[in-house]
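We just call them A, B, C and D in the order they show up, numbering each chain from 1.
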Amino acid sequence: MPGSTSSKIRTPIILVNFKTYIEGTGKNALKLAQACEKVSLETNVCVGVAPQFADIFSIANAVSIPVFSQHIDPFGAGSFTGHVLPESVKEAGAVGTLVNHSERRLKLADIDAIITRARENKLAQAVCSNNAAVSAAAAVLKPDMIAIEPPGLIGSGIPVSKAKPEVVSGTIDLVRQVNRDAVVLCGAGITRGEDVAAALKLGTEGVLVASGIVKAKDQYGAVMEFAEACRKHR
Amino acid sequence: MPGSTSSKIRTPIILVNFKTYIEGTGKNALKLAQACEKVSLETNVCVGVAPQFADIFSIANAVSIPVFSQHIDPFGAGSFTGHVLPESVKEAGAVGTLVNHSERRLKLADIDAIITRARENKLAQAVCSNNAAVSAAAAVLKPDMIAIEPPGLIGSGIPVSKAKPEVVSGTIDLVRQVNRDAVVLCGAGITRGEDVAAALKLGTEGVLVASGIVKAKDQYGAVMEFAEACRKHR
Amino acid sequence: MPGSTSSKIRTPIILVNFKTYIEGTGKNALKLAQACEKVSLETNVCVGVAPQFADIFSIANAVSIPVFSQHIDPFGAGSFTGHVLPESVKEAGAVGTLVNHSERRLKLADIDAIITRARENKLAQAVCSNNAAVSAAAAVLKPDMIAIEPPGLIGSGIPVSKAKPEVVSGTIDLVRQVNRDAVVLCGAGITRGEDVAAALKLGTEGVLVASGIVKAKDQYGAVMEFAEACRKHR
Amino acid sequence: MPGSTSSKIRTPIILVNFKTYIEGTGKNALKLAQACEKVSLETNVCVGVAPQFADIFSIANAVSIPVFSQHIDPFGAGSFTGHVLPESVKEAGAVGTLVNHSERRLKLADIDAIITRARENKLAQAVCSNNAAVSAAAAVLKPDMIAIEPPGLIGSGIPVSKAKPEVVSGTIDLVRQVNRDAVVLCGAGITRGEDVAAALKLGTEGVLVASGIVKAKDQYGAVMEFAEACRKHR
């Protein structure tokens, strides 16, 4: 992966955001991460997990797949009570971080500072964005990954890759004008293998997914369906 | 402790906020927490620690003293990427949380919601405040603890308990008019045992401290000096 | 009015929040303010208006009724681009300000600082709150007015004074335990004269209203209906 | 001016940010705007003013030079109490707006939405940025103007155009790679005519200035010195 800061991270990637779902908290989070690891080992497809801060340590010490933080703050070490120091999630075992998720939108200057701070800590950065123009703006800051997620489709079950293919391909086009290297992912409404296949066909190198896997009755089966779609694509 | 949600928490309490200091991150955080535990076991004085989110799990599994989160969010389980679910820090081992620290000031309605959410999760709440009036306003919301910290003195080395005793005693008076039970702590500039003694003499039931211990060359010695002051006070 | 900073403000008061409705912007705002003034002059009931910042000057120079800002910032004069200096809205003609509206929730320490800054500028403060406990917490800070608005009912057309009378009376009870003087208003879902009458009967001294008047086809008629209800109550 | 939404705005431009300085509030703001207009009429150099929201109406009705808002919000008309509707400042007489000033930093997605909303209202947009990379990221969103202001120099009296010429020229280079049309301004520490001359020589088309003019003992003289520097440059 170009610009990657971790040899663990390969594309195509299925990046599973645990959000603050109960099914992705504490012991549930650990079990889900282990299911993701199992699929990854069985299919040789890269599956990353983004659990809550307090679950990074136990998960990163239990599984071999890449663990992402859901957010880091732009600050350096110091007097920032209640904030997330990049060094802290790194030492807990994270190899990457989400940045600017639609549920944790950030100031432009902070996105820039966070990318720098993440790089200093060898944390891969997946910057989330809401449309093609914002994706390209973020791409100028040279993060490792851009994840386009149209807000209206998040959690909707309507897959961006099938309902709004032009948003995905338009994002890739616009990003490529300013950044040749960034890996482009897409997310929002992805619940089935065919949604993943459609995303890859549009030129993305993976998906950012949450409820489609975390809320699935059969989490292992859902990840496996996604991974099979990735394997077939190659 | 009145209203306490954890039998671990007793007063007088020395509550050590690790902030995002490097000396309080990762392995350093674990070592510091162990030093705090050692003092607590040797003196029988309650010493609590508030490490970063990602360090709660490893610390809470290693020590017997109370572990606090530095912040929790008011949300329930759901779609809140990058936020701190009370259930998450609870399951990682926290028994309490700071709320509204001066470096993480919160909206009034969120402080109210966080206290409710913390209570649901049996997490003790230490609400930080900047003056007597704000302390009393917070006290109306019935948190377990109020920690008054005049912003100008935080990290200054000038102890609030000696430089501004009237702020501390005025806070206690105003809080007592609206809340008989809340434990009142004070913080800011506390670096020596005599500062702790002065705080207890003014009627507080403990101190909230950060750099005075985390940045001390001899962390164990610093905590011990604080604990001795507590022991003498009884 | 106890603690009032403006002789213009009397109770019972109908306080009309123009929000950022087009019907309450620019020339529309001026016309609406004039309709409010007409009703006030005809009924001798106090009707206040809270237009957008950029409309305060033209409205305050055109009508004799009290003009409120929708928000002010806690800062003093200085380097705070894009913020709302109390001195600025005062000089433009405002005699009061909303504080902590549910659409502009504020940090607890900022509410405290804003009340102080408003008082320095002789601006009456109407602090909005979402429940009884938060109302009482705000009341400790001694604002001139507290306006309780349950979030779920705002803009709903279901009047708080009829649907949740216990919230209104519970708020008054709790506020009175910590503050004898603050005027208590209620809002949310108020669209008819009978809703206003119900609010006054519960012990409030007025209402905070927005869509019920601003979005009414006959704005003058709507204000008149509210004012008549106030007049009958006396 | 390419992409301009107002025939009033021409380059080179001196854009004066009144911040929340007392010298730029209320009647003082009006007097300062009139001094700026006088210089503009005498020198035929474009001088724009960015007063506080509540002062836009009286200033825009008194002077012929371009009036900017210091900020607008991304929202449409509706329930957004305490926010700044683009329609509102437009109707009050503004022809442009600052966006993302260092004292009012915005979320990336909001900057994108604000530029769109400003365009809908024919308000020129001057997006402020803190370094070359952030400037280029903002430029991707196609605002009319980019104003680079290194935070450390704001209000310092050390002119960016002389102390950090490489930041200014580096910004222009990076912006031009993604946007051919945006007017680039620079700001921070600009207090003398020679600072303005240096800024123009580096390839900017004007300056964003605050204390250098607003806090000057002789405001008219200060603006005149800036305007003369612009005139000589042509």
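The working rule: a contact is a pair of C-beta atoms (placed from the backbone, for glycine too) under 8 Å apart; a residue touches a chain by one contact, two chains touch by 3 or more.
Owing to the predicted nature of the structure, the values given are computational and were not obtained by experimental measurement.
Novice: Determine the set of chains touching subunit B that also touch subunit D.
Specialist: Expected: A, C.
Novice: In terms of CA centroid distance, which chain is the most far removed from subunit B?
Specialist: So the chain farthest away from subunit B turns out to be D.
Novice: Nearest whole angstrom, what separates the Cα centre of subunit A from the Cα centre of subunit D?
Specialist: Once rounded, the distance between the two centres reads 37 Å.
Novice: Suppose each chain is reduced to the average of its Cα coordinates; what separation in Å results between subunit A and subunit C?
Specialist: A distance of 45 Å separates the two centres.
Novice: Tell me, which residues of subunit A touch at least two other chains?
Specialist: none
Novice: For this structure, enumerate the chain pairs that meet the touch criterion.
Specialist: Final set of chain pairs in contact is A-B, A-D, B-C, C-D.
Novice: Sort out for me which residues of subunit B touch subunit A in the complex.
Specialist: Of all residues in subunit B, those touching subunit A are 17, 19-22, 25-27, 50, 52-58, 69-71, 75, 77-85, 87-89, 91-92, 94, 98, 101-104, 154-155, 210-211.
Novice: Going by the contact rule at the top, pick out the subunit C residues touching subunit B in the complex.
Specialist: 100, 102, 105-112, 129-131, 133-134, 136-138, 140-142, 177-178
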